[in-house]
C-alpha cells in the first residue's frame, strides 16, 4: 500500500457529557477511497469536523502529509490540502455558480488589493485563469446548468455537484465527502459513483461518509466502522460486511432508525443482495 | 482593459476641461448670494427647530419676529422693510452649515442667529466669505472669537463675563466650598472652567467639578459627589431641563446649601421641574431681561399678546439682535456687509436689554450686564 | 462605608429602571431575534401617555400611590397596544426579510415615534403634575427616599409578575418554545403570530410602566428621553445575555452599579466610556453574556 | 441546456416566492440579469430598462461626469454646500457597504472612523500647521489603528454582539473627543484649512476635490468588491464555515473588510473637516452611524449604484424637508418603514450575475 496521507490517533472530542468521538484511530493512504460508516450518532461527522478543524479535539492528534495539524484553524488545514463538503449543502447561495467554484481557488489566486482597485494586468490574468479553471472543474463534475446564475436557484443535485467542484478547485490531496448521496435519485447516484472514481483517478484520496451501503460497498477500497465514537472494525468491504461486531453495532444501537438501517444493511449486503446502484 | 482605460481617460480629460473653462466663469468670484435688493433688509436666523434643543428655536424666532414687526410698523429702516428668514441648525454642525449656506443663497444681508456654539462655528467661514455680518444672540463661546473674524459680534454676555459675576457673588456669599456642575456641552463647560479659574484667583475653594450628560434623568452620581464633597454652594451652568432635575434631586438627597444656575436655566420651567418648594432661593446669573428690569413688563405683555406664550431663553437677545442689525444698517446707510460691519463697530450707547451697547475690540459686549436673580414663588426676580 | 452603600443604592435604583426597559429588549430579541431600536421610545411614549392621563384627569385623580397605579395601568395598556401595532405594521411583514432591513425599520419607527410625539406635544419638555413624597429614610448610613423605595418596589413587583407569567402560563411556555425553535412551534400548532404579539405587548407595557415611573419620579419628560435609556437597556440586555430575562435584570443591575461607581471614582463625564469599554472587554471574555446560553455550533 | 432553461423559466414565479419567503435575499428583483434563463419574464419593461441602465459600463462615468459638471448648472452657495455634504455621505456609505454589504458585519458605530479621520487631520492642521493633504497618510494610519483596536477583540463575536460593541465604540470615540482638551472638548476644532482654492471660488474648489476623491472611492470600492478579496468578503457573508473549509482565513478577511471600511471613513473625515472648517463631537453621534447604515440598506446592500442612490436620498431628503421642522424626521421615519416593507432588498439591489467582463475575452468551457 502507498504512503500514509492522514494519520488520526486517539482523537477525542466531547460536548457536555457526551463523548462524540472517543479515542478514534485510523489512517488514510494516498489516492485511496475510504468510507467511514456507522449508525447515526456514531461520531462520523464529528470526526470530520475534528480533522478539518471545525471542532477542537480534546485529545489525540491529526497528522496530514506528515505535518501535525491538530487544533489548527479550518482555513490552515484546508490550505494544507484537505477539502471537504458538508452534510447539509453549504454553498454561497446568493453567489453565482462560478463564484462558488472560485472560492476553492481563493488561496491560489495571486492578487492584492491594489491589483483589484487598479485592474492591473495581473488582476486580469488571475481572474481569467480562475474563470477558465472554474469552468474546467464544472465540466469535470458534469454541471450542465447556467453557471452565471445564483446557485440557490439550481436543482438540488446540481448544487451537490457544484459543492464537489468547489472542493476540487481547492486542488486537495484528500477530499472528505459528508453524505454526498443524500437526497439524490438513482440516476444521480450512479453519476456520483462515476464522479468519485474519476476523482480517485486524479490521485486524490477520497474519504466518504455515507449511509447508502450499496454506494459504499461499490466505491470503497477500505471501510472504517464507527460506533459510539470508537472504531469497531476496519477492512475491505467484504471483510466489514461479515464482521459480527458491525452487525452487532447496528442492531445493538438504541436508536430506532439504526435498527431500520441495520436491517437494511443486512438485506443489502447479504449474499446475493443487490445494491442500490446496481438496481 | 482598453475600454475601461479609455473611459477613465475621457472622464479625466473632461474634468480638466471643465476646470479650465471654469476659471473664466462665475465660479471664481466671492460666494455671495444672488438677488440682493435694496428694497428690503433681509435678516437670516439659524436656531434649533429640531433635535435636543428644539425647544429654544421658537423663543428666538418669536423674539426676532417681534422686533421685525415693530420696526416695520414704524416704516422700516430708511424705507426698507425688514424680512426674517429662519433656518434650522438642530444644534448640529452639519445642519447648521447647510442652513447658513441656504441663507447666503437666499441673499440675506445680516445674520441674527446662532444658538449652539459648536453648530455656529462652521457657519462663521460661510458667512464670512459672503461678507455677511453676524450678530449672534445666544452662542457665546470664546472659541467663536479666537479666529478674529471681523464680521462676528456677540450680543450675549460671554462665558468669562458670566463667570466673573458668578465668582464675585459666590465670594460675597462666603462659600466654604463650591461644586461646579456642567452638562458637558461647550456653552456649559466654558462657564464652569472659567468660574473655576476666577474662584481660584479670589481664593474660594472649589470642592468639586462634575459633568453630567444632557438628556438624562438621573443625576444621583453628581448628587452623591456633591454630598461627599461637603460643598455648600452649587453652581449649575447647563440648561433648565437638567437644572430642574438636578435641584430636585439635590434637595431630595438632603442638600441644604445654596444653589445658583446660569442663564441657560433661567426659565419658569426650571421652577416647575424642580418643584416650587425646592426652587425657592435658587440664584441665577442672567443678563438683564424684561422680567427683571423696570418697564420690562410691558414688553413681556406685548410678546404674550402676539405669540400666546411667555418669552423664554434668548427671546430678548434675538429681539435685540434684530434691533441692532437695523440700527447698524441705518447708520451705514446701506446693506453692504463691510459698511454694516463698520457701523456695528461704531455703535455706542444704543439701548438694549443688557444696557447701553458698545462692542469691545473683540466684538463682545463692553457691559456684560450680568445680574444675580433669585427664585421667588414661581418666578425669577432681581436679587436685592 | 456609608459612602459605599450610598453608591450601591444609587446603582440599584437606576438599574431597576434599566431592567424594566431591558426586559422588553431581551424578550423581543429572544423571540424573533430583532433588535427593537424603537423600544426606548416606547418608554418615552409611556411617559407621555401617563402625562396625558394625568392632565386630563388632574382633578379627579389626586395624588397618592393609587392614582399612580391607575395612570400606570392606562399607560401600560397604551404602550402595549402601540407595541403590538408596531410589530403588526412594521416588523411582521419583514419577518422573513434579512435582519438588517428589519433593523432599519426599527430605526425608522424610532424616528417616527420620537418626532410624532414632538409634533403632537411640542418639543418642550413637559412636567408631571404629580408629586411624590420627599421623605427620606436612613439605611445603614445612606439615604434613601420613600419615592425611590416605592419605585424600586413597583419595578420589582413588575419583574416578578413577568417572570411568573413567562414561567407558569401557557403563553409564557409558548414564548420560550418559540425562542428555542419557531419552526417546530409552527408545526406543533402554536399560534406564533399571537404569541409574538403578546410578547410585544408585555415588553412594551413594561417600558411604558417605566416611562410613567420616570415621569413621576423625575418630574420631567421630553420626546428624546427614550434614546439614552434605550442604549443603556440594550447594553444591559447584552451584558446579561440577550434573550435571557433574568439575565437582562442582572445585566441592568450590574450596569447600574458600574455606572454609579464609575461616576464616583472616575468622573461622570467618563461614565459612558467606562460602561461601553467594560461591555467590549466583557464580551471578549464572555461572549454570551452573564446568563446567556452557550451556543454549540453545528457544522 | 436549452430545455433545462425553459423549464426554469416556468418555475421562476415559484422560485421568486420561495426566495422571498426564505430569506428575502438581495438578488430577488434584479437577480436574473445577464443570465441565460429568460427569468426576467415577469418584470416590467421599465424594470428591464432600469436594470439595463444599471448594468451599463457607462453608468459610472456618466454619473461621475454629472457630479463634476454640477457647478456649471447651479453654483449657489447652498447647492454646493449640500452637494459636498451629499458626496461625503456617499463616500461614507460606500465605505460602510464594504463592511456591511460585502462582508455582512453589522457596524453601528461607523461614525467613529469618520471622527478619527476628521479629528486626526483637524488636529494636525490646526495645532501643528500641517497642510491638509499631508495629514492623509496619518489619517489612514490612524483609521487602520482604530480598526485594529476595535476589530481585534470583537470580530470573533456573534453578529448581534458586534452591533452593540461597534455602537459602544462609536460612543467611546465621540465622548472621548468631547472630554479631552487636545480635541477642543465639546466645541471641537475650528479654523481647519481647505485644500487650497486653485484660483476658484473656495467652496467650488473644495467641491471638485471632493467630487474627484469620492468618484475614485466609489470606483475603487466597487472594484475591490469584485476582486479576490471582495469575493472572500461575500463568501464570509454567505457562509463562514464553508469559506473556512476553502482555506479562507475568515478572521483575516473580516479584518480586511473592517480596515478597508475604516480607511474610507477616515478619508471621508478629512473631506468633512475641510468642508466644515469646524468639527465637534455632535457630528459623530450615533444618529450619524444609523443614517449611514440606513443609506446602505435602503439603497441595497452590496450594490454600488444602490448604495450611492441610498446615500444621496438619505443625505438630501432632510434638506428637502427643511422647514417642515419636527415633521421632517417623522416623515423620514415613516418613509423608511414604508420603503423597507415594500422593498426590503433595497432600492437598487445588488445584481448576482457575473461581473461585467470585457467582450473580447472569451472564457473557456461550456455554458
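Order of writing sets the labels: A, B, C and D. Residues in every chain begin at 1.
Keep this in mind: contacts are C-beta pairs under 8 Å (C-beta built on N, C-alpha and C of every residue); 3 or more make two chains touch, one makes a residue touch a chain.
Chain identities (UniProt): A = ABC transporter ATP-binding protein; B = Branched chain amino acid ABC transporter substrate-binding protein; C = Branched-chain amino acid ABC transporter permease.
All values reported here derive from a predicted model rather than from experimental measurement.
Undergrad: Trace the shortest sequence of touching chains from subunit B to subunit D and report its length in steps.
TA: Steps on the shortest route: 1.
Undergrad: Considering B-C alongside A-D, which chain pair is linked by more C-beta pairs in contact?
TA: Between B-C and A-D, contacts are more numerous in A-D.
Undergrad: Find the geometric centre of each of subunit A and subunit D from their Cα atoms only, then give the gap between the two centres in Å, rounded to an integer.
TA: 39
Undergrad: Between subunit B and subunit C, tell me the centre distance in angstrom, where each centre is the average of that chain's C-alpha atoms.
TA: A distance of 36 Å separates the two centres.
Undergrad: Take the average of all CA coordinates in subunit C, do the same for subunit D, and state the distance between these two points in whole angstrom.
TA: The answer is 33 Å.
Undergrad: Taking each chain's centre as its mean C-alpha position, how far apart are subunit A and subunit B in Å?
TA: Going by mean C-alpha positions, subunit A sits 72 Å from subunit B.
Undergrad: Residues of subunit D touching 2+ other chains?
TA: Counting only residues that touch two or more other chains, subunit D contributes 23, 25-26, 178-179, 241, 326, 328-329.
Undergrad: What are the residues of subunit A that contact at least two other chains?
TA: Within subunit A, residues 54, 86, 119, 124 contact more than one other chain.
Undergrad: Would you please write down the residue numbers of subunit C that are in contact with two or more other chains?
TA: Those would be 115, 118, 123, 269, 272, 297, 299.
Undergrad: Can you name the residues of subunit C that touch subunit B in the complex?
TA: That would be residues 3, 6-7, 10, 13-14, 17, 115, 118, 122-125, 127, 131, 134, 136, 143, 145, 147, 214, 218-220, 222, 224-225, 227-228, 259-260, 263-264, 267-269, 271-272 of subunit C.
Undergrad: State the interface residues of subunit D toward subunit B in the complex, per the touch definition above.
TA: Where subunit D meets subunit B, its residues are 57-58, 61, 64-65, 68-69, 71-72, 75-82, 85, 178-179, 184-188, 190-191, 198-204, 208, 212, 275-283, 318-319, 322-323, 325-326, 328-329, 358.
Undergrad: Per the contact definition, I'd like the list of subunit C residues that touch subunit D in the complex.
TA: My answer: residues 29, 33, 35, 89-90, 93-94, 96-98, 100-105, 107-116, 118-119, 123, 231, 234-235, 238, 242, 269-270, 272-273, 275-277, 279-281, 283-284, 287, 295, 297, 299.
Undergrad: Going by the contact rule at the top, pick out the subunit B residues touching subunit D in the complex.
TA: 1-4, 7-8, 10-11, 14-15, 18-19, 22-23, 25-31, 33-34, 49-50, 54, 87-88, 91-95, 97-102, 104-106, 117-119, 121-122, 124-126, 129-130, 141, 143, 146-147, 184-186, 189-190, 211
Undergrad: Please name which positions on subunit B make contact with subunit C in the complex.
TA: Residues in contact with subunit C: 50, 52, 54-55, 57, 184, 210-213, 215-218, 220-222, 224-225, 227-228, 241, 244-245, 248, 251-254, 269, 272-275.
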